[in-house]
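This is the structure I want to talk about, given as structure tokens.
Chain IDs A, B, C and D follow the sequence of writing; residue 1 opens each chain.
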Amino acid sequence: MAQAIPFDRRAPVQCKQPLKALPPNLVNDIAASAAFVRQHAIASIYHAGSGHPGGAMSCADILACLYGAELNFWPDAVDDPHRDRFVLSKGHAAPALYAVGAQYGFCNKREALSLRKLNSKFQGHPHVLDMPWVETSTGSLGQGFSVALGMAMGLKIQKSQARVYTLLGDGELQEGEVWEAAMCAAHHQLDNLCAIIDYNKMQSDDRNDAIMRLEPLAAKFRAFDWAVAEIDGHDIPEILGALRRASSTHGRPSLLIANTVKGKGVPYMENIPTWHGSVKLTQAQAEEALAALGATREQITEYLA
Amino acid sequence: MAQAIPFDRRAPVQCKQPLKALPPNLVNDIAASAAFVRQHAIASIYHAGSGHPGGAMSCADILACLYGAELNFWPDAVDDPHRDRFVLSKGHAAPALYAVGAQYGFCNKREALSLRKLNSKFQGHPHVLDMPWVETSTGSLGQGFSVALGMAMGLKIQKSQARVYTLLGDGELQEGEVWEAAMCAAHHQLDNLCAIIDYNKMQSDDRNDAIMRLEPLAAKFRAFDWAVAEIDGHDIPEILGALRRASSTHGRPSLLIANTVKGKGVPYMENIPTWHGSVKLTQAQAEEALAALGATREQITEYLA
Amino acid sequence: MSAAPALIAQGNDSLREAFGKALSGLADEFKNVVVLDADIAGGTGVHHFRKSHPDRFLQFGIAEQNMMAAAGGLAATGLIPIVTTFAVFCLRAVEQARLSLAYAGRNAKIVASHPGLDVGPDGGSAQALEDMAAFRAIPGMTVISPADPIEMALATRAMLEFKGPVYMRTGRSPSKRVFGDDHKFEIGKGHIVRDGKDVTIVACGVEVARAVEAAELLAAEGVDARIVNMATIKPIDKQLLIRCAKHTGAFVTAEDHNILGGLGSAVAESLAATMPCPIEFVGVKDVFGASGEPEELAEQFGLTAPHIAEAAKRAIARKKKAK
Amino acid sequence: MSAAPALIAQGNDSLREAFGKALSGLADEFKNVVVLDADIAGGTGVHHFRKSHPDRFLQFGIAEQNMMAAAGGLAATGLIPIVTTFAVFCLRAVEQARLSLAYAGRNAKIVASHPGLDVGPDGGSAQALEDMAAFRAIPGMTVISPADPIEMALATRAMLEFKGPVYMRTGRSPSKRVFGDDHKFEIGKGHIVRDGKDVTIVACGVEVARAVEAAELLAAEGVDARIVNMATIKPIDKQLLIRCAKHTGAFVTAEDHNILGGLGSAVAESLAATMPCPIEFVGVKDVFGASGEPEELAEQFGLTAPHIAEAAKRAIARKKKAK
């Protein structure tokens, strides 16, 4: 069971470690992490024989920025009631989450290749009872956002400075639960909540426009009283800057609409809806993808072993 | 089971009767109907010993305009596949619906005073298997709107000219299902759908603002790509005009935000959240309300007999 | 003229009021409890808590899905969220309760008022006859339906002491007293309210008082009925059911719920897996409810004491025939 | 390199594909049928219908509540809406199915793919173990779970011919053939797949093939098991169950669902109300599923033929002990 914040710590405390000084090579580090996330996700989906590559590729840079710089969350802080939380509301991008977790020490890189296998903790969708660091169980679209809202509310009540981040898919925004949560977060002025939309313009079967139009998207969230910013979801400095600005927004939750490319980094997947999932990658496809993502021959051999 | 529109009638036909010429005394007629709706609703809630008066009073003028002038719907058209439909999505205003139905011949005035009683067809919330003219069963907020959307879609597919109207409460707009339907209706360009918000600024336990802020409301629906008009929901000519304009909107569903007063017409109820429901009216309260609503001594005696 | 009417619920001896008062009374002891409302605090009894502990009362508006899943997030920060709404509206958030509460292993509670025909005049649309079945099917979800105000207060405490997701039914209408002040309640334990040897009547919620009445009717005809108050529908007290099967060999179940999927099914499953016995099911027979006063509806839909007594006689007759 | 991957589902012999193909084949005969999708047509099998009848394919986006209730409106205009999504997502629209379909008496159908552990690698969050319980509890809702592609095609036709709300399960993984081309299907009727006198194994969905296998294992040990394919979970075929109780006196139920609330409960209720018998329940024992291949999970969670055979022997032993 989750640990409540002890009462004597509930007063407003500066619980966060000071902002990590951004080392000059931070952007390079994060870019390298993002490349790893993509490679590892492809490898794990290849081994699993099913999974959702398109939406894992599109969010890799965002995840790398969050875990690499923004979140006050480290492997030894998994039980810290004052840690920042990240909830992957678009739970089908689990391979990317496991990969970024592996990159930053929350889980083992090799083990995380057991995605979707019997008795693996790396289920097709994240499960908090398998791995506490994933914060909650997701997979049913819309729910992770509400859970993140509940966390933000719970932290506020307990006067913690911790922040809550959540990543949603664009198709996910069609769920009414998302608009319930949007209205509720604004009403309760949850400025410790930051939602990021992986705006890859595609969902399960087709483009958003063909399935259920979302535009004007920023106007929708503005009318729901969120602080909205639109960014390039593959531009690391831009993502980092937007996350920083979001964390100083007062009185309103913040939304980052991150424009992304579904399948980003794997040329044959980019912008092709059918690579959403559930797809089986052949060895040749996996190899081509890994090469395009910058893996060396040896790395490819190791990934696919 | 509902009757499908026969295939030979599915071609675009001018199925509607020509717009009723608005008789000069139409506004007075409708105002009189609205007064009857309020009186009858108060009387039936009095007899029932429970019910929701506040939101029945606020929507009486809107209902009278719909049934008195806008809807191509008469007692002998209840089975006509090309009839206009009205769905009371805020089903707890059933007493007002039954009253307007009684006024326009869909049901019996005396019988409709059996509201909420055992074996009465006039249940606490409208039930289509009890009375087909209520079109669907409501009571759970949000659903009536979706059902209306389904009707509008079904009519379009079958190339009927019939229109679908639905009335929602403002508190009801907090249901995510409403935003699912809003997005869907716009995506499918259901310009045969017109939703009206009974914007009385109050819900079950308090003002909207205190429970869950809705503003900026018009901006929300505009961002969801609806044609939005804001009107005075107690001004009959204004309601009639807005309904007419809505019916000639092309390519988008239309929304009327009708500003109303909860408890309208009963001074001691107006703008007092606790008169939402479920309340028991004393005889003295019922008498005072009926008098304020313009009922004569004899009428009051008859209503409360 | 009175400007603000009193809530009909207030002051009456309903299960929802008993719950609301108990919760507010326990709030200082269970400091991590927060209450979630979807704009019907006046109807669920938590208006007491809102008044006594406004800082820990969280308003979600009319949005049950978000409320249910957000409870998972609140629980993840160590709070104990109590989700409150009407039973029928819990049915729009079954998947949220499943994934974000039960599957995620959260210590969160759902307390649903307005279950069954007991809802009365609001009518069939509002009368949840499916909730116990739906929530019982969620792995790891505990399901409780106390019988009277005394038991409700005890169950409220037990629920807060218990770790894990719980679904608890309260009730809308004035409730009959069944128990004395010395009543004990434990999650997972049924208890014998009245001993008897000819048949066991297993009941929950408002049906317990009716079962007790039925036992008196039966006694007048020389039939000795045992009454079991089965306030925990899941996990059900199998040991007690087996003992009753040995002692009485015939059962009636009584619940204000569809006869498919609720208490009756839980008893039937348990006995079929251990000691098969004739069971007669008293409950709503797979039809929707209607408007009317709760007692009138109970009569019309076959939930009152005479119906239970008739069912008991049928069960006994079947037992004898089997021998 | 291939630009557009094939859907994994396509070409395989799954129940969802059988449903999708049958539906599209029947569409010209049932001209009022419209299909509702929530952005997973590729997964539910209705991509066939989308291709063959694009005008009657209605896209609702990822919004199951609105889709479910809107089906009520479509039905009200005389169309026959087929709501399609995964079984677990039906659980977010239980109340919509209840009010706007069942209570309103609509002729609407819900067809849910991805039920139970058969979902496989997507994992526990996606494996609906509660859907039959939840939908069975809705008054008037018919619940069907066909066993193989042949039966699925017949059930699809029967469902369209039937008036009233239906919930039907399909399945994700390649499905074993159980029936020949001469197979008959009728809503509300179970049927004996293999006769036997020692025990009756009542199964639905993917468990029917496993039950047939179990009967072979049992036969090798000299146990003569009767297999009943109970494709209609509600209304359940009580007459057949009573006959089987008379002939065999012991039961096993087998389903890819929580043992609480589904087929097992339906059988237990029916027999308790008529001819109490020992029943052993094969199904998921009130825990959530996990990732893995369907066959691996079936093994791990106790749903395979050997588990059914063991359960049959336990049921027989209990029957003998009772005598």
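Definition applied: a residue touches a chain if its C-beta (ideal position, glycine included) is under 8 Å from a C-beta of that chain, and two chains touch if they have at least 3 such contacts.
Values in this document were obtained by computation on a predicted structure and should not be read as measured data.
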Query: Suppose you hop from subunit A to any chain it touches, then on again the same way; how many hops at least until you reach subunit B?
result: 1
Between subunit D and subunit C, distance of the C-alpha-averaged centres to the nearest whole Å: 29
Field: Distance between chain centroids, defined by C-alpha means - subunit A, subunit D (Å)
entry: 35
Message: Counting only Cα atoms for the centres, state how far subunit B is from subunit D in Å.
response: 40
Message: Quick check on subunit A: which residues sit in contact with 2+ other chains?
response: 127, 137-140, 142, 174-177, 180, 183-184, 187, 212
Query: Considering subunit D alone, which of its residues make contact with at least two other chains?
result: 60-61, 63, 65-66, 88-89, 92, 95-96, 99, 103, 124-125
Task: Could you draw the chains as nodes, link the ones that touch, and say if you get a line, ring, star, complete or other?
output: complete
- prompt: Any idea which subunit B residues touch subunit D in the complex?
  reply: 1-5, 7, 81, 85, 87, 127-129, 135-140, 142-143, 146-155, 157-158, 160, 176-177, 180-181, 183-184, 187
Message: Can you tell me which positions in subunit A touch subunit B when the two form their complex?
response: 142, 174-180, 183-184, 186-187, 212-214, 216, 219-220, 222-225
- prompt: Inside the complex, what are the residues of subunit D that reach subunit C?
  reply: 65, 88-89, 91-96, 98-99, 102-103, 124-125, 129-130, 133-134, 136-140, 234, 251, 258-262, 264-269, 271-273, 276-281, 284, 286-288, 322
- prompt: Where on subunit C is subunit A touching in the complex?
  reply: 31-32, 34, 55-56, 58, 60-61, 63, 65-66, 68-79, 81, 95-96, 99-100, 103-107, 163
Field: Residues of subunit D touching subunit A in the complex
entry: 1-5, 7-8, 37, 39-43, 47, 59-63, 65-66, 88-89, 92, 121-126, 290-293, 296-297, 300
